[in-house]
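In what follows, chain A forms one complex with chain B and a second complex with chain C.
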Partner chain A sequence: MRDPGQIRAIQCTQCGAGLDVLGGGRVTTHVCPYCGSALDALDNYRVLTRFTEMTRPATPLSIGDRGRVMGQDWQVIGILGLSERWQTQVWTWVDHLLYSPTHGYVWLTLEDGHLILTRRWRKAVSPGWISAAQVEQANARPGADSDGEHFRYFETSTASITFAEGEFTWRPRQDDRTITVSLLGDRTMLSYVEGAHEREIERSWYLPQADVWAAFGVTGAAVPRTEGAHPLAPVRLPRDLSFLIGASAVFAALCGLLALVFLAMNGRTVLAQTTLRASQLPTEMAFDIADTSRLAELRFEGDLGTNTWAWIEVTLSDPEDVPLFEAGRELGYYAGRDSDGAWTEDDRVTVIRFHPTQSGRYTLDLDAPEGGAGEAQDGPRLGGLRVSAREGASSARPPLALAVLFALLAGGLVLWRRTAEARRWQGSDWEDDD
Partner chain B sequence: MSDLNCPTCGAALGPRIGTVKMISCAHCGTTSYLEDDQFRAAGQSGVMHDGPQLLALDRPALVAGLRYTPRGQARFSYGRGEWDEFWALDDAGAGVWIAIDEGDVVVQAALPAGNAPRPKGPLALGQGLQARGESFAVSEIETATCIALRGVFPEVLRLGETYRFVNATAPSGRLLSGEEGPDGWEWFLGDWVDPFEVRAP
Partner chain C sequence: MVFLTAALIVTVGTGYLGYRGIGGASTDLDRSIRVGSASNALTSSHVK
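Let's look at the complex of A and B:
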């Protein structure tokens, strides 16, 4: 006859409370949630030690809670309260030990309302170990590489256990201290963790907060509020920011190059520089234009004394004697000295570009009806006027303006990224920032 | 079976206790187990109790980007826990051992005798070993018993047989494992694999 069997409970050998056994084969210690006794899970739950005067840390998660994180189902099997003191400051956080039969054991950390997943990292890490002492002696910020990610030193922390409940894969002791050297990468954090009896390397991920809380059934007001930014929290930057920066820089360079090319395209002189004395004005000049596909350019340079100005008037007529445009320009030259030192304002040259509508002989009517010294309008002050004209000219201003615009865009995006990065690193304890 | 109650609070454990061996009471959270003939015989038979697993026999899987098909599964007990050794073939028919122990995954291939360490005398923790030009330090020396077998293997494994094994780690993270048999040590070299990198193709 088949033995019907007998139901036996797993109970705390100290207080008799029923224990919930959830963890896998590596659980060695079970801390009774009722009396705080640490029980040897490998030796009939023999009492190893007792946690006394423990203050339960604030967490909406409990032993036995189940949730899906990083695509796997996990169950909370242990809860640790931890704290770090430095001078008068105290930081506290809660580590939840999660267990999955297929993926083993991971930590779900709740720190300032942020959820972080940390697990042992067995892949190759270079260097294989960084101790707190090495950090102290380092002249440059220590770095490490693993899994294609580069990590830079962030902080060293010394944590003490203040609370323990549930199952653990090692034996936690009250006030056990763990020294962790953390390095921050673009996506994750790498930690060299040194406890009383072992060393291991861990890697941490920032989790999609709302999804994880919902997965564990924590909703509404039960979800802890976040305080401050976590260095692992994703920075809200466009995903293709690097591309945008690169593209803006490339466009700025191309436009700059184009501006140089346009500058180099001087065209052909159609009116050699001619110097007119003031007494020769008004006057009429003619020149022939053959190239109607590109801009033509008139250049005027006034012969002006210091702090004088002149107003010139220009009328250009096309080969059919139809006025193409009329324009007026002020030429001036000012110089002086003030509290900031010497200054000059040189506007003795002006350029007028136009698009020739047809080839043939163009006529330029030129006059300088007004002028003066300083603010006064006391008559022409122009000593002479040099006039020249070219065809096939180009203007470098549009590509130059675009080059500046793209350069400003690239610079602004870089500044945005650097500011966001600086926010991530503001909690770092590395003082000589490089 | 449905009339079984929680020994701690007296609440009914429900019909599931008839099909499972261990259950947590929905009322007080106490874990209870059914101590029957099968429970007492646990470990004496070669029954492979199926739980959630990263790999399944004859089902191809991508392990760190490489495709393997497990053809044999051996379960070993090291006292407080168990782990599985899968004999798996890649698409070219080359075989590897994939060890899985609660999220710890190692893929190793047998080392030819010419590249294998030749330890003189008994091995000790911390002892240095050389394999394929790399230095390893012994990090674990244990014994394990084969408690279940299924599928096919490239060597003879015997149910209930106890093996002595050693693990040695290189600074690069590579793992060298040795298994002591009647003809001396057999050596296997490989790498840890992130369990999140084991998935269906």
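Let's look at the complex of A and C:
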């Protein structure tokens, strides 16, 4: 290991350019930004190799820039340009090697305008290694666990070095290739990185972009524009979304239960079921209502033959003999057979619900003036009519409507979360067999 | 907590409405025949 305290600057042994030495004791290679020579920091900066025809990648950061990231001060000591090619597509990104005398080395990656911090991950990871070949052979999406976070396979990438300058803790070579198997967790990414000479497990964090750029003194138009969503970028969802979904579902169930209870609370009979023959119509019936705080119900059930209908007319008068309302309802019963099989349309029962205005004796005027067979209107077809009345009924409609609203809310929130999650995973190269 | 409180209040309120049968009356009742109804003179076919 080099003594980090001894040397502050050197001259490139190839071109003579003055180079600052910033990187601490683990630096092994220094790539001259002027001539591209890779110098051996462990052997008097002799020339190891030379990077040629390098194109400087677009980054607003330079060697020597200082900034505070994740609560720690860092300095840029090396810059790598990397690219991946697949068929006609090319992806490029820039890795900045950052150094802190107290915290060592981390990568600050600039990809499509997004800043990611990556460092070697020394904590226990299960499984200890996942290779690209294992991914190829896997039947199910590979997963891993570390530091209490579960990761699922995201992609495999093969990167080549296209540019290098500054100091590095290993010896980068032009066109060196590394294969990275990346797994995405809820908050971070875990990567199994396999280079020509070593294997590493790394963990990546998405950084607060504006803060980090500002920390490095990059402001205004110099800040790169982000392109697309990064899988590590935090999804803008309410923090307690799971709770909201659960609570909405519970309230939907609660309201559904309440609706069932109210459906069963159909009050007490004030007019026992009375059967009227068609010949008795029109007629007048009376019943007493005492409970004016809740609903009253009039129930009618017609004796109808197949494919016949009848129109009944109802007028209800209050205890002061003032008409409260009138209503007309069609009763019908249809049955037949078509290409889908037998069918019936049974509307022989109808219920009228109303709020009594006062307690006392109500009078019901009832008639069935029209009827017919099929579509025809050829006279009353009603064999008989059963009439009954109840009071003190509740209504299932309000809690049922609220149950639907809560269910829609829960469903909408689930859909929101799934859409956001799908957006995070849209760049994954994993394809399920099904 | 805000959501829970709001949901609870709405549920209790809806429960009260349901218990009282408010919102459960048939919607096709013609009340224009009622004497004194504001719409009586305008809409009822029973008033000539």
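Everything that follows uses one rule, which is that the second predicted complex is superposed on the first by the 320 of 434 C-alpha atoms of A that agree within 3 Å, B and C clash if a C-alpha of one lies under 4 Å from a C-alpha of the other, contacts with A are read in each partner's own complex, and residues count from 1 in each chain.
Throughout what follows, a contact is a pair of C-beta atoms (placed from the backbone, for glycine too) under 8 Å apart; a residue touches a chain by one contact, two chains touch by 3 or more.
Here the structure is a predicted model, which is why all the values come from computation and not from measurement.
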| item | value |
| --- | --- |
| Partner chain in contact with A:105 - chain B first, chain C second, else both or neither | first |
| Contacts of A:115 with chain B and chain C, given as first, second, both or neither | neither |
| Contacts of A:19 with chain B and chain C, given as first, second, both or neither | first |
| First (chain B), second (chain C), both or neither touched by A:125 | first |
| Contacts of A:77 with chain B and chain C, given as first, second, both or neither | neither |
| Contacts of A:259 with chain B and chain C, given as first, second, both or neither | second |
| Chain B versus chain C as contact partner of A:327, first or second or both or neither | second |
| Which superposed partner A:402 touches (first chain B, second chain C, both, neither) | second |
| Contacts of A:304 with chain B and chain C, given as first, second, both or neither | neither |
| Of all residues in chain A, those that touch chain C in their complex | 244, 247-248, 251, 254-255, 258-259, 262, 265, 293-295, 315, 322-327, 351-355, 393-399, 401-402, 406 |
| Footprint of chain A on chain B - complex, ascending | 1, 4-9, 13, 17, 22, 24-25, 28-37, 39, 51-54, 80-82, 101-104, 171-174, 191-192, 194-196 |
| Interfacial residue positions of chain A with respect to chain B in the complex | 2-11, 17-22, 24-26, 28, 42, 63-64, 70-72, 100-105, 122-125, 128 |
| Interfacial residue positions of chain C with respect to chain A in the complex | 3-4, 7, 10-11, 14-15, 17-26, 28-31, 33-36 |
